[in-house]
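What follows is subunit A paired twice: with subunit B in the first complex and subunit C in the second.
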Partner chain A sequence: MTATTPDALATGTQAAWRRWLRRHGWTFGVWILLVVLVAYYSTLIPAFGSFQLASIINNGAPLVFLAAAQAVIVIAGGIDLGVGGMMVLTNVTAARFMEGQPLATTLVIGVIILLLAAAINAGVGWIITTSKVPDIVITLGSLYFFQGLALAVLPNPGGGTSEGFRWLFTGSPRGIGSNPYPAAILISVVILIVAWWIGKTRSGLSLYAVGSDKTAAYLSGIRAARVKIVSYAVGGALAAMAGLALTAIAGRGNPTAVGGNATLNSVAAIVLGGVALTGGIGSVIAVVPAGLILFFLNPILTAMGVDPNRAQIVQGVLIVVVMMVTGLIEWRRRRRV
Partner chain B sequence: MTEASQALLSAQGIAKSYGPVVALRSADATVQPGEIHALLGANGAGKSTLVKILSGVITSDAGTTSVHGEPVRLRKPTDARSAGIATVFQDPSLIPDLTLAQNLRISRLSPSDVMPWLERMNLGHIDLELLVSDVPLAVLRLLDLARALAHDPQLLMLDEITAALTTDQAEYVFGVMRAWKEQGRSVLFISHRLGEVLEMCDRATILRNGANVADFDLAGVDEAQLVTAMLGEDLVKELSEEAAAESTPTAEAAVAAVSFDTPVVLELKDVRLRDKVNGVSFQLRQGEILGLTALEGQGQDELFQLLSGDHRPSSGELLVDGRPMNARSPYDAIRKGLVLVPADRQQALLPQRSVRVNLSTPLYNRASKWFTLAGDETERVDRAVDRLDIDVRAGSQVQRLSGGNQQKVTIGRWLASGFGTLLCFDPTRGIDIQTKAQIYDLLRELAADGSSIFLYTSELREIPLVCDRVLVMYNGRIVHEQDAKTATEEVMLTSAHGLEEART
Partner chain C sequence: MSTDLSSGADVKSDPSQPTVWHRSARYLATHPHLVLIGVLIFLILMTGAVESNYLSINGLRNSALFAVPIGVLAAGQTILMLTGGIDLSAAMIATGAAYVAANQSPKGAAFAIIAGLAVGVLAGAANGIGVGVFQVNPLIMTLAMAGILLGLFTSWAQTIFSGSTRMGDFIRTLGGGSFFGRSIPWAVVVWAVLSIFVIYMLRRSGFGRNLYAIGDNGIAARLSGMRAWQVLIVVYIIAGVFGAIAGLLLGGRVGAVDLQLAGAFLLPSVAAAVIGGTSIFGGVGTYTGTILGALILGVLQSLLTFLGAGQAIQQMLYGAIIIGLSWLYTRISATQ
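For the complex of A and B:
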């Protein structure tokens, strides 16, 4: 009966395990790396406790959200240099309008900012699909545009937000404390919703389809332009989450923050998280530990006594080494086939 | 009229051009309910273009399509689907980076929709959590078929579905087609395997040069009659006229010059590459133009990749001037004198640079002292331009040249640098007839000057015009060899279909 069904196609525990490892191995590996780094960090400093843990999660949150934003867009075959600018813009907008408002009002303002950011970035996606100008060019423009707009919204660092809003992102009304749970829960909820959408629903899977093989996606009845615009919209909203997190952490807005740096960090995080820059491959869940690791590298190196100015060298080497190792694994796998 | 209104699918006067290249002139096709209908034609007759138009992948320039007498507009794939047409394309249309289950999801299907069909094709055990890129091509074709069937179409279009399948897998497909027919649904079937066509199909529409030339009942028809219908009865006359118009005085002399005394410049001994090239052996002599023809996907692409140094053979010997080639890259092959003119000119040219820069690119390999060129490159390029008769009015950017002139530049690059054997892969694809004739002349002149040329062409009529000898490839093997002068299209097409030893 199974004459034409090759063994490789059949279900089997060993085959299933190997397949799981191949598909989710990267995600698994990055989480392990994070745990190892945290364990190592705890041996470096005398008093490792919930304060340090909260500090990592709270302060790593903006990069995690930004990396998720970049991941969604890159999976669909694009790249958004403007996410950093969007983060700065939403940070200052939130700080300006939330200042002196009660929690309920700040939450409403937060939601409005998320929706506006999605709409604005959808516009960026629309410009890319209709003009056919490469993503990298248009979004370089949107980066400067958002950064400039941020200065128009709030010319100098300032503004504020409600204590409840700060607690939501940091577990403390003052933005600093030993409670890692609210931030961890917030990150988990947002990322799991995005992961469910992109991995289980038709509209989410369309992002992978378009990023993987545009022709096959078209033949499957997917409208590539619309999918791309959706990816930019979701990316915009996630970048706004990063901006809101920043507002909660600092308790104010900073229009002089360099969005370009944040963008580059988001790209580094998704590369470390196993998202292929060519599109179609990657997991939103894996960019969470990747973002945290990138953020966390600095305190570790400081604790190790490395000059903070040299930390970037380590970051750079880490990314290149990780990419080379995976390139090697992929090459060996191909050769065996 | 009544027949047309009863027809399941009726396409009238479908035309499509890509720039100056006409893919479909005016094609009609009518498929009745409960019928398996074959769409036949030689390479480039327009079969795939017609399928793409009927499935909404590309839009036609002219013509009307109706389903059950109702006019339909097919502007995107979903239009065809809602009109009741589902297609299995020549290339798999599954997303490689997603699992099978996820692929079903994006086509708005659930596993239970396709499972009954997969079970019929003995794939009931398949794990839908597999990544598409891990599934063999043959299985993907069957999955594509199951997916198309799950949309429950009135008309199922199968473009070369059996090409990648084993015999038993093909039998499953035929079983499904029969079942589909019994339900009163229809199938439009495209295949190079004429035996299958005669076994499975009720009627056939034959396309030639972008127009349908015949539509007939297949009962009592044999393979030879199909081949004749694909070629056309007026062909012999047409051919001799063209030969008279296109052949040049040098051609005669050159053909005469090749004899068995001339040295062998390229020899293949039982060369294999995976399952694509299955033991190819031949010799190419100095000053000879050796033609190769085949239907699409018979291993000719891979053979040329081997010869041009892009791939190394899995086994077998590849000798250049009697010595093993051992090329690890095209650079090595070029140094040994084997140079390629690909069908796709974009692969060979720097489209935004001038004709002169393009002509001198192969000379960069000769860069001598202090990174300057050898010194005579201006001269060499001038000679190539003269010889090719390239229209250099748009010479500042090669992309502004016509396709024919671009192809001349790709050949001219090698003229400027010098070469031993010219490998031409379908060099006249999509080129106007006049430039084609110029390229033929050029190839003949080169051969007369002592160069050897290995020419693959999908246009059978080119063979007697240009070549000295012709090889026909089928399923990774050379199945026929003949003096090109006496090779008729009928013989070549028959052996290209892998049919019994051609009648000569």
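For the complex of A and C:
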């Protein structure tokens, strides 16, 4: 989208500001919304301190990572229903093998799990590109497969991890505390690396190219199939981050968790974060506040005295309204151009 | 064309003389349902080999009973997928309908059934308005609807729908009862009637053709004068009603209803439509294929039960079969 007539007439700074707003307006808006919600929340409860902040960031982390995973894949033109299954699978794998190990060993296991998850999901991507079956179908299969595999790895809830590992994700060796920094830093580092990769590097930008027009990308020399496989691999690794975060938070693995629900939340989060489900549009950075907001809505509504079941209704209505607003903005933009 | 299906060098020897492999591959490409029927028969025989009692009316009856809710829910998924949509709220609609019907059962079977179906109509209409009028992505619209319905029914369960959750006798007979000396379940009869309706609608009615047209090329459909939004609202309502029927049958079979009733059937209903060759992007598919898909999943369930496979193996096999069958299906129809 290059400058239209009004932009060209405006002065330099104004034009630059407008262009920035058009490009990053949604990201900006979602961050503002998160800040407003946190501010509002702090007025609702008697004492808002680092404990509440830590609780939001720590417990929101799995959804943030999962949403980032979904965002990377959707930007490249796919959709992965299996990310929730991958989260459950990595959660139980980590819990099973990390139990009773020292920090160094748990870190090594964590890295191995990340790499394995990337490799397995790359395999899913390979199946999609080779079979030419729609993404949603193959990943529906992979969702079941991962969920079953999780039950095979750890038949019953249990397992454990090291205290240091829990501190890394939650700022406390017991997984609960008032130190928000480790989780905040971890999320920032991971998301910034992914955002830098997808926005600044050749291999990352090709995800946008393939997502917006696969044929055009192919004709301009991008190996579309390989790009798609890469997007699935990165998505798999990010989903594994979500699983590791879960292990650290809960200190155990839960194979009976429903991965499908987590997947659906991740889809809702990226939509709220402004990622187009048709591919090629969106930012990984906007997905972070969106994931936190989705997680955060429940405590807010509870603090407002809304019964938790109603909170579910509000959440659903909110997502629909956001989608309607997006549709309206898109429609107006198209009419203007 | 591609000779992927054939093995051996004889195929390449003389292109002007189609070999048996060639001809059968082409025949299968034009009749992909035959592959599904083959898979179904293979699975039935395999189940029979594992448990010889299975090859009886009683054994097959169990598979059919398991396939019914999947098949009815998948009828909704099929007609929606033809328009390029999907219904992730179908299981929640089913649960809600069953819950309302069970709650209203003391007021008589007719009232209970109508109340249950009303849930499907209302939720379907809301979905249809969101997708058809406001152009919300169907995935998101129905996903949000599932959340909204769950919230509504959880809070209503304590207020306006508190009380009995036991299904009335008539619906219990419909869902779990059989006739001809316990051989043919009523639920299968309901499914058969519904199937005839759906197949007739898709193949013979103008409305059915509209569904294919919207899914194939929505812009072209609109430019040729079709009011796509009206068609979408109606099709989402029909899908909602199918969801409600599935819920009533399932609730009738189980007897007592809770809010987890149909949740496990959502993804299988999508899987049945997909295995049956309905394209998730719209415009391609038949309900006959979906029926076969639902039956395959039903028999598979019996097979896994007889094998004594644990939950882990079951889910992994389930996933592998979705991937494998959809791959096979795409491969075969691509050789056309």
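In this section, the second predicted complex is superposed on the first by the 327 of 337 C-alpha atoms of A that agree within 3 Å, B and C clash if a C-alpha of one lies under 4 Å from a C-alpha of the other, contacts with A are read in each partner's own complex, and residues count from 1 in each chain.
One rule holds in what follows: a residue touches a chain if its C-beta (ideal position, glycine included) is under 8 Å from a C-beta of that chain, and two chains touch if they have at least 3 such contacts.
This is a predicted model, so every value here is computed, not measured.
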{"item": "Touching partner for A:Gly260 - first (subunit B), second (subunit C), both, neither", "value": "second"}
{"item": "Touched partner set for A:Thr13, first subunit B, second subunit C, both or neither", "value": "neither"}
{"item": "Touching partner for A:Leu205 - first (subunit B), second (subunit C), both, neither", "value": "first"}
{"item": "Residue contacts with subunit A in the superposition, subunit B compared against subunit C", "value": "C"}
{"item": "First, second, both or neither for A:Ser142, with subunit B first and subunit C second", "value": "second"}
{"item": "Partner chain in contact with A:Thr43 - subunit B first, subunit C second, else both or neither", "value": "neither"}
{"item": "Touched partner set for A:Leu219, first subunit B, second subunit C, both or neither", "value": "first"}
{"item": "Overlap of the subunit B and subunit C footprints on subunit A, listed as residue numbers", "value": "none"}
{"item": "Complex contacts: residues of subunit C adjacent to subunit A", "value": "88, 130, 134-137, 139-141, 143-148, 150-152, 154-155, 266-267, 270-271, 274, 279-281, 310-323, 326-327, 330-331, 334"}
{"item": "Subunit A - residues contacting subunit B, complex", "value": "1-6, 8-11, 16, 19, 23, 202, 205-206, 208-209, 211-213, 215-223, 280-281"}
{"item": "Subunit C contact footprint on subunit A (complex, rising order)", "value": "127, 131-134, 136-138, 140-152, 155, 260, 264, 267-268, 271, 277, 307, 309-317, 319-320, 323-324, 327, 331"}
{"item": "Contact set on subunit B toward subunit A in their complex", "value": "57, 76-78, 81, 89, 91-98, 102-103, 105-108, 122-123, 125-127, 129-131, 134-136, 139, 166, 168-169, 172"}
